[in-house]
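In what comes next, chain A is part of two complexes: it sits with chain B in the first one and with chain C in the second one.
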Partner chain A sequence: MINLSLKRVTSVWIIAILVVFVITAIFGITMRFNQGGDIELSPVTFFSLMTAHGVTMVGIWSVAGMMAVNYLMARYVKVSTAVNVFALVLTVIGLVMLWTSTFVGYFHAGWTFLYPLPFFVAWESWATPLFLYSIAIFGIGWTVWTVAMLMQIYKKYSLAQSFAWQHFKRGYLVETPPFILITTVSLIGILICLITAVILLVLLFAEYYSNGTFTNDALLIKNLTYFFGHTIINEALYLGVATLYELFPEVSGRPKFKTTWYVALAWNCTLVFVLTAFFHHLYMDFVQPVGLQLVGQFASYFASLPSAAVTVFSIVILVYKNPIKWSLTNTLFFIGVIGWIIGGFGAVIDATISNNFVLHNTLWVPAHFHTYNAMGNVLFSLAFFYWVANEFAGTKVVPRSEKLRIGLLLIGGFGFVLMFYIAGAYSIPRRYSVYPDELALGRNLASYGGWFATIYVIAILLFLGEIVNKCLKVFSPRSSAAA
Partner chain B sequence: MSKSIFSKIICCCLILSVVQFAQAQKGKFDFSEEKNVYNQIADVPVLTKDGTQKLSVLYSRSPLIVALIFTRCTGICSPLLLNLSEQISHLHTDPKENFKVLVISFDPRDQFEDMARMAKQYARENDPNWIFAVTPQISELTSSLAFNPVWDEDRQQLDHEALLSGINTDGYVTKNLIGLRDQQAIYSLIKSINNEFILSYPLPGNNNFLSCFSYDPSTGKKSWSWGMFLLVLPAIIAAGIVTILVNQKKTLHHN
Partner chain C sequence: MSLQPKLLLIFLFTAGAIAITAWFIYSTSKLSSQEHGGMENPLRKRFTAFIILFALSAVFLSITIPKSPYFRFSGENPSHVVFIAAKQYNFIMSNQAIDPKKPGGGEDIVIPADELVEFRVTSLDVNHGFGIYDSRGEIVAQTQAMPGYVNRLRWRFITPGHYNIFCLEYCGNAHSFMRGSLTVTEAAAEK
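Up next is the complex of A and B:
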């Protein structure tokens, strides 16, 4: 049941996420212009921006997916607004702490805060614990929220039904909607990586407060960091895919997607494989056994293939030679799938061990993850934001700037990631504040990338204005009266 | 039923935690090869057959393997030098990998004549790659290498580790070897003082009991360690939480 309080908290989430996204995207653009030599930042400022940009982007697009599925879940099960508000408050507190640690305390160990970097204090001494506490605050809020959502799912569905196992047999009585299947798989994945983050933080705090009596194993911490970081960003994208399964047919005027045996199999496989794909981040760690490196490579193939193949197949079947009511919502979903596939393909290339020897720590890495985030996950969430804002406002008026927005988004977004791909193909390293003369190509591409990203942000601002305006309508007295 | 499965999972976790703790208490490693690496050796004056010169003059010409011994040693010094000499004679090193062996005494009773006699015993008195020396500033030298010999009054001997320190041409300790080591270890020491990349992984110490893998240097056996369990633990905990959530529905229906 979607009530007014759920609409209001969803509105606050959407406005907060879009505003923080634009600010954080500007951090990224500033970094690209600095790499391009258009502006001059101190290395500390550059790496503080890089740290804030990375953690904030991972955070806001994870909660964007959670917020979207939380809203749509209310169609099937009862959801808790109180827990939703709790997560929102902790996310805001965590964000303030995070930005304080990076911009006031100058913590700049990167979003991966790879051990032992956080303990080699090159910033205010209080910034390290503040940064770690900010991650802990995010973790508490999101873990409680995830468990609360799973609790509601399991009040209605059995374990087997939540994973759609009955679809492997004939003559089942209860059908699991694809939205519930994908949401369950993704939320369990998110729960696992949030527990991993808890273990990671406990180990880091143990060392921080032990005065040298306890030290961590660098390889273990790296494994835990990427288990958490790699997995959460993938699961966040799958939450976006869950909203696509729920809304794409609906806004296109087509029948709802059905769960079939292959859809069930694909998403069950995804749960397993996405949890082991993170080993591909440790190819350069020679002490990691070769067996685990191979697990990383093959899990990367198998994690992306079933879910992407089934989703693309479902979308193509739905769109091909069928009358579709195209709107901004389903256009954004459609482009998002293209971005996801291109980014995923780039990821699989990099996850192949022989290629990783060439591409490791080059700009190919930000190329692929910016593609499936900025042109995949962000667009899935933006499609939801746009759809739900229209629901709140009760209007379906097609804006005059529809084509302009999509055009700017495509040119800006794909132009921006293309500069990363070209630079990666030429082995331009990532995480450089400025490029020396030997890497002058990286400088030029960074500058072009900055301009393309500016076009992308202009498109987002055009969306933001309309979406915020419509979201604010749920706070009007008329909405209260209608409720 | 689910409750009992969950209880069993929790029990297994607790048992594994206790075993892990016991394991952590059992392994008491005290390897110090990583100690002092990348510190600079003290630039003390050394007396060799070519006269007195600063140590920096020696290491700036070619990287050094520094062997710390004393001539009255009745323990490890002689096997250390014999082993080093034998391993080096069997090495097929790259011509680019140049080095000299500096055998230096840390016993104040040793004079240069004692060291010259020792060179003769090992048939290295005319070998340009072997330098036998004494220094008047022993404590500066030993402390810069974190080498701490202890005087044993009963045995009238200096108790010490069998240490070989690798010094590059900038005077930095790039690698230490403790004990009588095989050809591969000596070769990696030579590569390291020639500023070549050497794969290394510190062994877990007393304060580091959650490593991914463990290594027993006495047997050379590598094995999985308890840190790896932490990579599986999140999935086990999540399975436990989901079991509780599923069970909660049954409880609600039952009530």
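Up next is the complex of A and C:
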């Protein structure tokens, strides 16, 4: 049941996520303008910004998905507000520690903190353990939250029902809603990633505190790092898809999606493929067994099939020639689906080993993941924020700037990622603070990308003002009285 | 045309097609006033779409996997071996094996065109990337440099000239300045 305390903690999450998102997006824009030569930062400042930008973005959009499914899950099962608040507090503490390590301690090993770089200290010596502890704090909060949500699901549904296995047979008694199925699959994926993160951190701390008596294996740590990093951001996207399944038909005035045998099969397969696709991050490590490299390409291809064939086609069926009640909420979901497919196609190109040979660690990589995050997952979450803010405020007034906001999002978002794609195709490397003269094209593209991203952030700010204002209404005395 | 611009064109064409299709579907909804209009036989069409996507994936997998760098030149013996030890923030390159305890300064690398060369790439500190760029600033081949491991990259240069090496794995605050170079000479001149 959705009660006032759940509404309040959800409001705090939304306001915090949007504010931190704008600040962190400005970090990214600053980096693009530095690459473009419009401003001049020291390399240390640039890479500190890069590290904070990466970890923060992955973190806030993971918790945005978890917060949204936590809210909607209250329609089906009981949810714990206390655990929700616990996760919020630990996320804030973790963020303060993270930004202290990057902006006071100048830690700048990147969001992947790829071993052994964190131990080649080029910053304050305390910044390395502080950064690693910030990741541990995030991990504790999110693991407890994930386990708590899964436990609530299993109080109502059996393990088989949570995966909708009964839909493979005829005559089943309990129907698993698509929202529960996708949330279960995603949360289990997230839990596996977080357990991997624990193993990763234990190994890194073991070396850090061993005084040189213990050394890790670089290939093993790289596999663990990408298993955790790649998978968590993919699962975060699927949490956004779960909210889409729940809300898109509802706000469109159409019947709810139903779980069928092939929807169940598709999402069960997705869990397996998403957990094995990370191998594509290691294609250029030729010492990795070739069999695992091929698993990476197969899983990357087939992870996109269930989503493309089932989810996207479900949206197409719902929209095509049907009189939809279009609002900002379902428009954002619809654009998010387009961004997701386009970004997914860019990812499949890069996940092809023979293409990766010339695209690996070029700007093609941030191109595709910014497409399915900034123009996919962020829009799924923004759609939820907008919908729930209107629920809190009890109003559905259509803002006058509706078309302006969507126009700015489309121009800014797709213009921003297009500059990355062109740069990637011209072999411009990622994670360069400045470009050498031989790769001078990267400077112009970075500058244009910075301006497009600025337009995107202006669109987000137009949403932020209205959403924050409406979210604050749950703290008014009238809300307390109504509760 | 090399591979990268082809991939960009394929991507832009497909992204454009997706955007136009989405706009068309959105327009049909905007114009529709008829309840229960919708798509005819949607489940059958979804199944057909799934089969087409599955078949396309299988075709692309079967075409692209044999072109993976692990299989190219795997049945041949390289006529030249170049040893690479990456270190913050330069590439030590030598025609002789490099002692990790006394890596030295390396030497100029000159390779004849049309001959198979094997780069044995490792790192003496953190992870680096060994990216070979041609004179147009385009990547021709790459591998990672990982501490404790040696990646063997085989390549046959076709075009003589100057090739830059740029680091393609973030390795610290001077990552953007980590570079090296090699020269590829005319094949006939070597023979």
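A few points about this structure:
Criterion: the second predicted complex is superposed on the first by the 483 of 483 C-alpha atoms of A that agree within 3 Å, B and C clash if a C-alpha of one lies under 4 Å from a C-alpha of the other, contacts with A are read in each partner's own complex, and residues count from 1 in each chain.
One rule holds in what follows: a residue touches a chain if its C-beta (ideal position, glycine included) is under 8 Å from a C-beta of that chain, and two chains touch if they have at least 3 such contacts.
Model, not experiment: these values are computed from the prediction.
The superposed arrangement places chain B and chain C in clashing positions on chain A.
Here chain B and chain C are compared by how many residues of chain A each touches, and C touches more. Once chain A of one complex is fitted onto chain A of the other, the partner contacts of A:Phe286 extend to both chain B and chain C.
Contacts of A:Leu219 after superposition on the shared chain: both chain B and chain C are touched. When the shared chain is aligned, chain C comes close enough to touch A:Tyr435, but chain B does not. Of the two partner chains, chain C is the only one touched by A:Phe345; chain B is not.
Contacts of A:Asn469 after superposition: neither chain B nor chain C is touched.
Within the superposed three-chain model, A:Thr362 lies in touch with chain C and out of touch with chain B [touch as defined at top]. By the document's definition of touching, of the two partners only chain B reaches A:Leu275; chain C does not.
Superposing on chain A, the segment of chain C with clashing C-alpha atoms against chain B, chosen from 20-28, 56-64, 92-100 or 182-190, turns out to be 92-100.
The contact surfaces that chain B and chain C form on chain A in the two complexes overlap at residues 217, 219, 286-287. Interface residues of chain A, counted against chain C in their complex, comprise 43-44, 47, 108, 110, 112, 114, 116-117, 120, 122, 217-219, 222, 262, 284-287, 290, 293-294, 297-298, 301-302, 305, 308-310, 313-314, 316-317, 319-324, 326, 334, 337-338, 341-342, 345-346, 349, 352-355, 357-362, 421-422, 424-427, 429-436, 438-439, 441.
On the chain B side of its complex with chain A, the touching residues are 199, 201, 204-205, 207-208, 210-213, 227-228, 230-231, 233-235, 237-238, 241-242, 245-246, 248-249, 252. Across the complex, chain C meets chain A through its residues 2-5, 7-8, 10-12, 14-15, 18-19, 22, 25-26, 28-30, 32-35, 37-39, 42, 45-47, 49-50, 53-54, 57, 60-61, 64-65, 67-70, 88, 125-127, 129, 131, 133, 137-144, 146-153, 164, 166-177, 179.
The residues of chain A lying in touch with chain B in their complex are 147, 150-151, 154-155, 158-159, 188, 191-193, 195-196, 199, 203, 210, 212-217, 219-220, 223-224, 227, 275, 286-289.
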